[in-house]
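First the structure, which I've put down as structure tokens, then a few questions once you've had a look.
We call the chains A, B and C, going by the order they appear; numbering starts again at 1 in every chain.
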Amino acid sequence: MSSDSKTEIVLPGDVLYKGKNMLPGRGTYRLGDEIIAKVVGLKAIKNRTVSVIPLAGTYIPKAGDYVIGEVVEIGLNYWLIDINSPYQAALLMFDLPEFVEKNTDISRYYDFGDIVFAKITNVTKTKYINLTMKDPKCKKLIGGLIVHITPSKVPRLIGKKGSMINMIKNLTGSKILVGQNGRVWIKGGKETLAAEAIYMIDKYSHQSGLTEKIEEFLKKELEKEAKGEINAEKEE
Amino acid sequence: MPKKKSEESKSNNKGAVRPDGRKVDELRPVKMEVGVIERANGSAYVEFGKTKVVAAVYGPEPMHPRHLADPEKAVLICRYNMLPFSVEDRKKPGPDRRSIEISKVIKDALSTIVALEEFPKCMISVDMVVLQADAGTRVAALTAASLALADAGIPMREMMSAVACGRANGKIVVDLTKEEEDAEDAVDVPVAMSSLTKKIALLQMDGDMTLEEFEEILNKAEEACSKIYDMQREALLNKYEKEGKEVNINDE
Amino acid sequence: MMSSKLTAEYVRSLIERGKRLDGRKLDEFREIKINYGVSEKAEGSAEVMIGNTRVVAGVKMDIGEPYPDMPNKGVLVTSAEFLAMAAPEFEPGLPGENAIELARVVDRGVRESGAIDLEKLCLVEGEKVWVVFLDIFVLNHDGNLIDAAGIAAIAALLNAKLPKITEDYEIVRDELTDPLPIKDIPIPITIRKYGEHLLLDTTALEEDVLTGKFTVTTKINGNICAMQLSDGMSMTKDEVLQAARMARDAATKIREKLFKDKLKELKKA
């Protein structure tokens, strides 16, 4: 069941599997003996589970996802974070890595408009979403810039085993954090150039040999800079 | 068109063709395109002959006004509207009783297939605009709405296709034009059918027909809906096949 | 709203065994009563009770212009309103989508059945015709509103008489003349379903528990003249045909029971 098996586009209502030996995964449902697709996407079979990787749609929060969020409301002991989804996520005081004293004004930690890279710990059936900052990867994002891509194209930006994103990081010298919710944070190195490349991926995600094309684009731009044809980007 | 005539006599024994030369079970030329409105989450354009409709989907997004939110599922909002210049005599802009009823039956039909339970407290809006009307606007709008919902990545248990069948000039026919709808003996039966379980989710009728005629109309509608579904499928794949090819699935 | 999850469960499990809360069979109607002439100011009126459901319909006649595409025919204008008193969930204000739908379904049944002989309502071709205003009000909502409204509509039309007019086409309100020319008795029958079970004449509680409805209006000769499937129900082709037959048979019974004399007269003609 190699994941490199040919990709097949399926539509809502397509029968993906007949029989009882597989489980319905994300983007599917069971109808009698059959597993049926419910979104437009790519059929994927892994560990006896049939699922559909969506090719469109807003970001649907899932426990374990890393997301980039913005503080939109501050409560007594929690923050509400916009995570580019129909549902806001809550970050509770206890989910900060540091100990928060009783009766502190929690806006000292995160204020309105602050940007965080956080991990989703729980999504309830009624769509209450909990975030944590206790994970080592999580942090407040200060400076840099943020670009948005279609959430369903995040896997394309990362590339096979991180091939695409690592190539961009190497060539631009930027630190890049990708949220599963389609927000990408870029800091340091040639930020603007990295952002340009990421927008290109969003726009041309359907083209073949995209990694090579992006690499070529970045190298050309860097060459132009070196020759002084365009103003060199100030590096942070 | 002598060739058409001979085909006609083979395919049905009633002989004569329809005012526009079609066979009784022949659809008008159909055109479909997915992804026509850049800013919307999903969109589609559908043409049934001279009937032209655009549909756009926004959401899921937080329900507003908030007190109308359903804690158990998303609220589906459908708005069907005819542009003032889409019909012979200018139609006053904005919703009227007819468009409110059509919006309602389209919403009712789509709510049987959209997985609304996956988005509690949210709303999903479907806007449908008739650019040019030559009968069958509600079924063209529903067909476009189904495409736009799929394009928006909204989970649906299956797709939905719709067509109007009925009787005109003594014959049971599919996809009536305005001219046929105006026939003395016209019966108009808009039908929407789901693609997988073949369930009828929209069914209206005005005219005067026997139960036997109704059965024949339903059979023709089922056939026509499955033809329309094939075209919907092609239109969606046309957009996504290119995009999908390159997406890496290792990430799952 | 009115039913908890557990009541809903009870109603459904009864239906699965072919039973209902009030002891009726799945295809059995509640008792239907008609009071004619509830308003003497109206040219025709009728109040229909199906169980606790109570709907009143009134006919007012006026003289107006015909539609340009039908210069020799009278005009029918139907409206409906769910009065706020009829149920706690009804709000005052302009008719909502459900009231609009009800009015349009009843209107199509009356119109397409040819129940009103509109050609006889032409006074001066292209200039002056009778306009029939058919207004329907729901006074108490205990389910099956479309059927009650449809029966009230045809009852009010059968009850209606044309007012006297002067030579200058002025209406003399307190002098009624001939009955409104009626050619058919359309009866809408609404079917709801749970699983494979089809139900007729549902109560408000049952409607709260079941999703969707399918209305089929038939004429005296059994032909269908209007249909409407809505509220989020889907049916197989066979279910639709079965429902249509059920509706035709139920309408025949109701017609014979409630409109016996008119039926005889129309069948003779």
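To be clear about the criterion, a contact is a pair of C-beta atoms (placed from the backbone, for glycine too) under 8 Å apart; a residue touches a chain by one contact, two chains touch by 3 or more.
Values in this document were obtained by computation on a predicted structure and should not be read as measured data.
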{"item": "Any chain in contact with subunit B as well as subunit C", "value": "none"}
{"item": "Chain whose average C-alpha position is farthest from subunit A's own", "value": "C"}
{"item": "Among all chain pairs, the one with the most C-beta contacts", "value": "A-B"}
{"item": "Chain closest to the middle [Cα centroid of all protein chains]", "value": "B"}
{"item": "Rounded Å distance, subunit B centre to subunit C centre (Cα mean)", "value": "28"}
{"item": "Distance from subunit C to subunit A - Cα centre to Cα centre, in angstrom", "value": "55"}
{"item": "Centre-to-centre distance between subunit B and subunit A (centres being mean Cα positions), rounded to whole Å", "value": "35"}
{"item": "Sequence positions of subunit C contacting 2 or more other chains", "value": "none"}
{"item": "Where subunit B touches two or more other chains at once, by residue number", "value": "194, 197"}
{"item": "Touch list for subunit A against partner subunit B, complex", "value": "3-4, 7, 9, 11-13, 15, 27, 29, 31, 36, 38-42, 44, 46, 51, 53-58, 60, 86-87, 125-127, 152-156, 158-161, 205-208, 210"}
{"item": "Of subunit B, residues touching subunit C in the complex", "value": "97-98, 100-101, 103-105, 108-109, 111-112, 189, 194, 197-211, 214-215, 218-219, 222"}
{"item": "For the subunit C and subunit B complex, residues of the former touching the latter", "value": "97-98, 100-101, 103-104, 108, 111-114, 212, 214, 219, 222-237, 240-241, 244-245, 248"}
{"item": "Subunit B residues within the subunit A interface of the complex", "value": "41-42, 59-62, 71, 113, 115, 118-122, 150-159, 194-197, 233, 236-237, 240-252"}
